[in-house]
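Each of the next two complexes has chain A plus one more chain, namely chain B in the first and chain C in the second.
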Partner chain A sequence: MSLLQSTQFRPDPSANATRRAWIRAWPELQNPAAWLVALILVIMPLIANGFFLIEIFATTLILGIIALSLMFLAGYGGMVSLMQLTIAGFAGYMVAVFGISGNANISLGWPWWLATPMALALATLFGTLGGALAVRTEGIYTIMITLAIGAAFYYFTNQNWAIFNGHTGINTVATPQFWGVDWRSDIAFYYVTLGVAAICYFAVQYVSRAPFGLALQGVRDNSRRMAALGFNPNAHRIAAYAFAAFIAALGGVLQVWNYRQISPGSVSVGACIDVLIIAVVGGITRPIGPFIGALIFVLLRTFALDVLIKFGLDGNRFRLLIGLGFLAIVFWSSDGVIGLWERWRRNASPTQRPGGGRHG
Partner chain B sequence: MARFIERHPAWALIVIIAVAVLAWMVFAIWPPGLEAAIGRKRVFLNAVLNGITLGGLYFLVASGFTLIFGLMRNVNLAHGSLYLFGGYIGYAVSTWTGSWILSFIVAFIAVALVGVILQLAVFRRMEGQDLRQTMVTIGLSIVFADLMLWVFGGDFYQVQTPAWLIGPVQLPLLTAIKSSGEPVYLQYPLVRLVIFLASVVIGVAMWLALNRTRIGMIVRAGVDDRDILAATGVRIQLVFVLVFALGAGLAGIAGVVGGTFQSLSPGEDTRFLLASLVVVIVGGMGSIPGAALGAVIIGLAEQLGSVYIPTYAIVVTFLIMVLVLAVRPQGLLARR
Partner chain C sequence: MDSVAQRLSVVGAGAALELRGVTRLFGALAALTDVTITVRPGERRAVLGSNGAGKTTLFNCITGDFPPSSGTIRFFGEDITQFPPYERIRRGLRRTYQISALFPGLTVQDNVYLACRGVSRGRFSLLRPGQNDALMHATETLVQAVHLAGVKDQRVAELAHGQQRQLEIALALAGAPRFILFDEPAAGLSPTERRELIEILTSLPAHIGYIIIEHDMDVALRVVESVTMMHNGRIFKEGLPREIESDPEVQELYLGGGHE
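Here is the complex of A and B:
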């Protein structure tokens, strides 16, 4: 279980109380590196061209949001759910079904400001129901059940023509345009994803330190003790699923706007597992992990072909590379790239106390 | 059985009625009203038989999965890859030598060897870390899937059915009475029946081996409490390796079976992984009879569903899983 380390904060006794509370709530505001990353992300459209902006950074942020929902469940709740991409895909399908798309016989043609909240609500409901099912069992069973839900949804979208339009999926989904801005144009869409990603990131950060998040971490570490203290472990778990489902649904809506189409391929079992890989490779102890994992994944997916061919290898072996990389991470660094980075920093300055011990 | 009726009279009644209705639908000649409502009896009987034989195949895959889980608490999400690998090996052997039987033996041995290597080189190093083992099996399934795609490509393969098994056989099941008064019997492919019988034989043999032999006793003890078993001096690592080899080998055999009456292609690994997951969740983790029951239920649901409600067939399977989780989260035949 070393994958699931707690991220509890150690207060510094010398600082005064209000300042301490502030730091405890938002520690990244104290970190100059975080400000630098934020600045770079904000001025990114000046540096990068359209291809990098959308294909690399916007895609990274979207995948990062979906993986963030898994990180929240796995890191703070101890529940590894493989259905987060399914929830995102469900939200995407709902945007396509309720909104405007090229398949006029399926889409209801609602305006975006009506279709999107509907999709978010339905996907959150879907994720909550799935979670209510999954919390009936524990530990590795959760993986099995959520994988079964994800796979069943994939085969269902393939079979069903009335709502999901079978294996062709729904194409040319309309994207929002208002205030005279086409929000799917490269720069505008980049800022939309960046904004949503930032909100999700800070929301997860905030919830993890709010009473609910602390109780959830307590349930993760010792659900029996929490039950004895008067908490309802299953209610906390289901609420965590609901919160994570909402985040995943946001990612799903952005994804369908990004590709303007959705098909069973977007919710395949392989894609569900990709989200797990992203979260684990990045590290599921911190909310920043999934975004790092997503960046690595997207860079590999985009450039592995060229690099492999340059080394005289078969360019189609991208998934082999991903699989081996994932195996290596699981074997040697159970808390992902973040873990490697922290270990390296700890070795560089041995006086610093290692962060994040496990409290039972 | 008697105890079950005593403890759950209502459920027992429902089960008995369901079995009786099914038996009547299989053996009786349907009145015209029923045929008008849900179609020809031949279609229904074919779906039932397809479902039961598909259940046989699912049992072969899921029994290995449940055995490995029961003893080692290892959710082997690479089980579908072992299935597909066995199928490809069987295809290669049967096209090379022309022998169908030989392909089973080679597939069993080859996949069992892969299982031994996995257990010795990977899972033994992370014993007791359930989550990490599961993650590793996910990584392995990705690597295996890509390696197999590399070697065999994306084509569909089918293992050649041997000549002596080709063709239909007449079953003593009436489908209709002709207007001349002549009975019409059901024709059914022989190969599917033979494969189903073989999986029943394998299932019974496994049950006997588990319940009547010394090795089986050790395995059952290990399922209950492996620490105490190890403390009594049993070489538990050896048992683990053997059970992993057996479970993997069964997946390999199932691959050849699946390659004979369906086809082999990338993506089948996921399909059969899902099937074994659902079968094992429905039947109960770690229980061989549970795997058999779950396999028949899921096989029937899938086939009947695809005949009568084609675009929602997968939902039926899924609803069965949800229902079982809601009523009996540990599975139908699990002990705890």
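Here is the complex of A and C:
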């Protein structure tokens, strides 16, 4: 490497370089809109009533976490996995099976602080094994394999009574209560989901610039070249599935605490595809996308019914609205709402350096 | 067969790279037939031949991108024939690609950083490199060495062709290479960029050997000490640059064949 040192070296003003590296690593901290959104989210319980807190915002955050795990795989790894909701549902089932529920014949009655780590560990293992299967394929075959895993799990829960209690599922799942707080009460639960969502969001953001995340993006862009640089691409892909599975599992635990029950309907193929829609509508190039997509999805699911009825249409057609919205966004912006937003901003301020938009 | 030296010479420990009877079939087509090559450590060699002579296939067999159908490949004495590409790279083998194989979605700096990380520990690290990370310094140095410091924060997709070729070389120089395969590094470069390339190649530390595939004789014969001529997937001739240049058969096959 002596040659390399011999070439002329013009150092940057180092303080400036540090500052730029910092901005590049945490773009949110430079963005006043992000601070505003964070503030609103923190003081939300002062603004919103229990219905909005839980049915809209907590639900959005939970779906956002699950879709975030797909965003991580698809955006950084180029792997579209349809089994992320299945992993979340598996974690939810494990919370119900190991913890306390109304189905005493099934639940083992472990305290939440034992049942939850167990559920997270098993769901991560489940996702990793599924990933190890899926990485043998690419593109559309990855979608097919993960969809097959999702569908198989759905039918299995329907037919297995010993653990999953068949189509009735497991009801009245106990939620954590300690330090004199019922953590499933509206405000406490909202903060729990907000905290977990924030941790997941920043973890994904952070890892995307760490060696593991960079290598994953390298595998996405050119896996053959990654092998020619000394990386084992499939090992990286499987590790990405494990990381994403853990995030999805966190979402699944929150989801079962939210609804206090879990049944095959929670892990149906339709629900798996909803997660894909959420991620794609929001945009899979940045971790904020899935949360935006989840908010749009939850708002439509909750209010489209009333709006449709107001216009004299059948309220059950709300999925039609989601589908049309999905179509429109995919048609006009391949990277979702985020892509639309970035293009709009770029047009609004033409001085901005082009290409700075794409994260990573 | 008793002395260590004898045994070592049998397994080819003295050679940086030793191919024995390497054959690669694509269906019924033999892209390489019975190729036997020995390259000393630090040796610089050109592989010449017309299109379809099997030069790039040879590289792909050596790096394991496509493993050979038969034959053995030894790298500094170790049989690497069955190794996946990344195991070969971790042992000090490097290559560049004829058509730039970079990571267009990442910045120049991230590309080089990945190359440095790929041949060191912590490939799965979840922790971002700090300001004093040794690999970050190695990355900076490499980026400077290939004259890309000015564009290090740009995405590779935005780079000019010549810059992408330079980055391609930087990726192969990461870590501690022992032997490098350059696949037409001068393709599409301007005369100035070619001079820079020759400068980089000739100033590589003496212990780093390489094989270079290059159609441009001015580049190829200036940076090597030996030449292997390939034709139809076979070794056609081996020799010193001037021998090959003046060989009538070679002239007919290659130099006179209208190839540049």
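By our rule, the second predicted complex is superposed on the first by the 339 of 360 C-alpha atoms of A that agree within 3 Å, B and C clash if a C-alpha of one lies under 4 Å from a C-alpha of the other, contacts with A are read in each partner's own complex, and residues count from 1 in each chain.
Simple rule for what comes next: a contact is a pair of C-beta atoms (placed from the backbone, for glycine too) under 8 Å apart; a residue touches a chain by one contact, two chains touch by 3 or more.
Quantities reported herein were computed from a predicted structural model and do not represent experimental measurements.
Colleague: Taking the superposition on A as described, I'd like to know which of chain B and chain C A:Arg317 touches: first, second, both or neither.
Modeller: Touch status of A:Arg317: first partner only.
Colleague: I'd like to know which partner A:Ile309 touches here: chain B for first, chain C for second, both or neither.
Modeller: After superposition on chain A, A:Ile309 lies in contact with neither partner.
Colleague: For A:Ile199 in the superposed arrangement: first (chain B), second (chain C), both or neither?
Modeller: neither
Colleague: Touching A:Leu36 in the superposition: chain B (first), chain C (second), both, neither?
Modeller: A:Leu36 sits against neither chain B nor chain C.
Colleague: With both complexes superposed on chain A, which partner does A:Ala227 reach: first (chain B), second (chain C), both or neither?
Modeller: second
Colleague: By the touch definition at the top of the document, which applies to A:Gly218: first (chain B), second (chain C), both, or neither?
Modeller: Only chain C is touched by A:Gly218; chain B is not.
Colleague: Check the residue A:Phe331 against both partner chains and state whether it touches chain B (first), chain C (second), both, or neither.
Modeller: Once the two structures are laid over each other on A, A:Phe331 reaches chain B alone.
Colleague: Once the two structures are superposed, pull the chain A residues common to the chain B and chain C interfaces.
Modeller: 1-4
Colleague: Going by the contact rule at the top, pick out the chain A residues touching chain B in the complex.
Modeller: Interface residues on chain A, with respect to chain B: 1-4, 80, 133, 136-137, 139-141, 143-145, 147-149, 151-152, 155-156, 159-162, 269-270, 273, 276-277, 280, 314, 316-317, 319-320, 322-324, 326-327, 330-331, 334.
Colleague: Which of the residues in chain C come into contact with chain A in the complex?
Modeller: 63-65, 84-86, 89-90, 94-95, 97, 101-106, 110, 113-115, 117-119, 122-129, 131, 138, 141-142, 144-145, 147, 149, 153-155, 157-158, 171, 173-176, 200, 203-205
Colleague: What does chain A use to touch chain C in their complex?
Modeller: 1-10, 18, 20-21, 24-25, 206-207, 209-212, 214-215, 217-218, 220-222, 224-232, 235-236, 239, 354-355, 358, 360
Colleague: Which positions of chain B touch chain A when the two form their complex?
Modeller: Residues of chain B touching chain A: 73, 75, 77, 129-132, 134-136, 138-140, 142-143, 145-147, 150, 270, 273-274, 277-278, 280-281, 285, 310-315, 317-318, 321-322, 325-326, 329.
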